[in-house]
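Working notes, beginning with the structure itself.
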Amino acid sequence: MSGPDHDEDYGRLIVQGADRPGIVATVSGVLTEQGANIVSLDQSSSDPSGGRFFQRTVFHLADLPTRAAGLNAALEARLGEQLGLEFRLVEARRRKRVAILVSRADHCLLDLLWRQRRDEVHMTVPMVVSNHPDLGDDVRGFDIPFFHVPVAKEDKSAAEKEQLNLLKGNVDLVVLARYMQILSGDFLAEVGAPVINIHHSFLPAFIGAGPYQRAKERGVKLVGATAHYVTEDLDEGPIIEQDVIRVSHRDSVADLQRKGADVERLVLSRAVAWHCDDRVVRDGATTVVF
Amino acid sequence: MSGPDHDEDYGRLIVQGADRPGIVATVSGVLTEQGANIVSLDQSSSDPSGGRFFQRTVFHLADLPTRAAGLNAALEARLGEQLGLEFRLVEARRRKRVAILVSRADHCLLDLLWRQRRDEVHMTVPMVVSNHPDLGDDVRGFDIPFFHVPVAKEDKSAAEKEQLNLLKGNVDLVVLARYMQILSGDFLAEVGAPVINIHHSFLPAFIGAGPYQRAKERGVKLVGATAHYVTEDLDEGPIIEQDVIRVSHRDSVADLQRKGADVERLVLSRAVAWHCDDRVVRDGATTVVF
Amino acid sequence: MSGPDHDEDYGRLIVQGADRPGIVATVSGVLTEQGANIVSLDQSSSDPSGGRFFQRTVFHLADLPTRAAGLNAALEARLGEQLGLEFRLVEARRRKRVAILVSRADHCLLDLLWRQRRDEVHMTVPMVVSNHPDLGDDVRGFDIPFFHVPVAKEDKSAAEKEQLNLLKGNVDLVVLARYMQILSGDFLAEVGAPVINIHHSFLPAFIGAGPYQRAKERGVKLVGATAHYVTEDLDEGPIIEQDVIRVSHRDSVADLQRKGADVERLVLSRAVAWHCDDRVVRDGATTVVF
Amino acid sequence: MSGPDHDEDYGRLIVQGADRPGIVATVSGVLTEQGANIVSLDQSSSDPSGGRFFQRTVFHLADLPTRAAGLNAALEARLGEQLGLEFRLVEARRRKRVAILVSRADHCLLDLLWRQRRDEVHMTVPMVVSNHPDLGDDVRGFDIPFFHVPVAKEDKSAAEKEQLNLLKGNVDLVVLARYMQILSGDFLAEVGAPVINIHHSFLPAFIGAGPYQRAKERGVKLVGATAHYVTEDLDEGPIIEQDVIRVSHRDSVADLQRKGADVERLVLSRAVAWHCDDRVVRDGATTVVF
């Protein structure tokens, strides 16, 4: 997986804020003054006048690690202070550290671990955490630590505390790969990293539990899956990616689950890969995906 | 559009009822005894034991119009009385009479009329009824009568009465091709024909008004359309067909409407064509589509 | 269809040439110096080092019609002379003049004319030319001139001469909407406008005549359509857009044609709409589609 | 994976031959006389008159293992001798024995092994054979024997002889899961089992080597994969399943390979699952997929 999205001396600049004339030219100008060469640039505006502005720029700058601080200072002066924009500067070579939380279903987990091994997702996986012991052998077969943290039905706080001990400071992203427990608002506030979930329906259809059973009862002709950032509102977080597959009256609930599982793993893997490449920017209740 | 689904001396037999051993053999036996040759046969069972059974059989029987009564009597004796099954015998050559109700948007209407002219849907269109005069010239250009029946906001009953006068006894199917008025339960009970609607979302997501606006606000990555039979429960009728198209954060609400319109017309046209070929059988809140 | 792609005082700048550092910054700089505000920018490089570079920039410049000449001169100096790049400056409000050539099949033609009437494609259609008289009434129903130019089997040169008389200088694009005659190299050289064709297969599968018949014989499980620029090499021109639809062993050749026709009209309409918005740039035997 | 396709006392009957009136009724009659209850029935005719006929019937017959011989004799008398049809009787509970041949790419292999472990494909995998040692650990992690059979460039006959020793009599199906060697006609004649291959293009586009490279050069907007039975004519065997995924000018050849790999594994797994359920019947150069 080589190229400007992952190689040394390539950087990414994510800019967002209130739209106004001249942002693209200013960003290009600062980068060029600092000796960087723009390799690709993508931007989006929620409204040509008065909207929110988002830009993802990939550039090459020789000796980036030592020059990043200077570039950052120049950007702070011109984008931050003069234009009031937020920005993030990321070195492309740096892999995000991704923890995976999982219950018993293996399809999303295996797809992520296997893509990580093939280097299709620019991440490291420092740990997999599960409320069941079932998938330990599979995970350790990839030389990845597996931690079993049982969750008590009555009180999840002890489990969440243990999970936070494992995760805090150690990861840049938490992925719920069919993790069948609801995380508390406290957990989300404390974990210090964004959390991506895969929901096994085409949201906002079939929010909540048992979506395939309800899809069968409603007689839909397509089932789908949705990867989204987790917020306190269940299944209401900003959507990153969705896809669907055709089904028919012949398919049982088990058939829907089987067909849906193929969509779930593809949708989640795409969402995680995009997040790791900083292609996803939150815009309120929605996302911009570059 | 020739072939066993539409030619002379071909028939269709739709059978449904409680599943039990021997139905397929009995149906095949009766048809063969009566001199019919089975051309195709499709069946579905909601559950191998104790479920509901559905079968669509296409057969050839020389001189079908004069022999249909005898075949019907034999089926009544063997399927109706002995097995307690419902059945419908249809001559394939007979086109369904389809009335189209429409408001101002032309895309679903024109798609149906084009396909009818091209003989892609086995129907005649004896009339188009609209609560607006806008599409009269387009409809009459196809040599199809257009009736303008305005609908008063306060009281729709006068309009529904006029619509019923036009429709009752004259049509086998009513299609709502983006007709933006809700039909009353009384209308549905009296019209004497099934009613198919196209809803501009992937149901059950975005039930009700303004689905594209709400899709934009929720940030979905696909928009869709759903063709369903109309029941008294708004947007809850049995789904016949659905499809989706990919969208992104770049798409405005107007873009979603434009992209969605292409899905709407395809989905509605497929649903109407299948209904006209008796491929759709209702199964409670869902459908079997052969 | 309002917005930066079609409104007054919006412009598009298409830049292409050998890639080198600093192009994005230079383009942004010139536009900003001239008082233009960049609304969106998309660029592509065939290779980060030594490849070909393409950029499409949309900008707003108050009073664009009177200031276009000055902007053009500035771009010529900085992009043309200093960087050796080709560029094209287009006013967004200007509709492309598109002639449609057609034979007997109506589906692609009607889809284009209807989208033009709905203002979904930013074009005018000054004429439709056909080698058959069949579709004259349909075309004139849209208030568009229809010219019948029969083509002799033995010698097409007289017909091509008549077509050139109609087209030369009057159109910016020629669309072959299922026009079943092969155009000569001389015609292509003289007509003075790009030509887009819809081929009724997923190229490069089933190049040449009878693709649906051959698809049936080969037993493919999907059929497709391809919109491409026409070159002297039959069905080898740069591909703009493709799509497919699922088929099965049950589908006859006529069924494939019917299902394929839905793909053909969508694919061609998308390709024409993108061309009219200058989103398609040729890159040798391929295209960049922004 | 329970249900009529895999449970005890369920059977499948595959019938094929020249079409003629009464086949469906005869098959239904024989099964009913023998005490079997038809659970589902699917049939296809290449032409209503004078075509080829195919039927797949699933039935329940108590104590099937002991009664299969009697049923077979009855079918032989009525279908074989009287109607000149070929038929195959299969017990649903019996898993097909599937050998997988693979080279270095792991994606199709792992997808099949995961699904086998999850019981999504009704098969056993008695062995994986590879011309490279790379994937041995992965395979043995599933408790499946892995045999490394190197193939000499100059002369493959020694390797094929060793493969035949492993395979003959031990397997019901051979799957080439990105096995990058061409099998000889002698091998195919001797192996005594059908062979399914996954080709990494949407056939008949890009027959032969390097399809992704050639797809990039041709500038296609979709890439695909094709699962087909292997015949002596390279990439010309009957197609079982195909699918595609959207790509753009931004995708490098490596990107096409990565995106295509997801299609390859889905298409191959579907084809193998369908074959194992006897849903695929060859019809000359094509297939019927029930």
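Quick notes on this structure:
For clarity, chains are labelled A, B, C and D in written order, and residue numbers in each chain start from 1.
In this section, a contact is a pair of C-beta atoms (placed from the backbone, for glycine too) under 8 Å apart; a residue touches a chain by one contact, two chains touch by 3 or more.
Note that this is a predicted model, so its numbers are computed, not measured.
The minimum number of touch steps separating chain B from chain C is 1. On a Cα centroid basis, the chain most remote from chain B in this structure is A.
A separation of 37 Å divides the Cα centre of chain A from that of chain D. Chain A and chain B have Cα centroids lying 42 Å from one another. Multi-chain contact residues of chain A (touching two or more other chains) are listed as 3, 44. Within the complex formed with chain A, the residues of chain C that make contact are 3-4, 21-25, 28-29, 31-32, 37-45, 48, 60.
Of all the residues in chain C, the ones that touch chain B in their complex are 3, 106-107, 110, 114, 118, 120, 141, 252, 254, 258, 262, 266.
If you check the complex, the residues on chain D that touch chain C are 44, 202-206, 217-222, 224, 238-244, 248-250, 283, 285-289.
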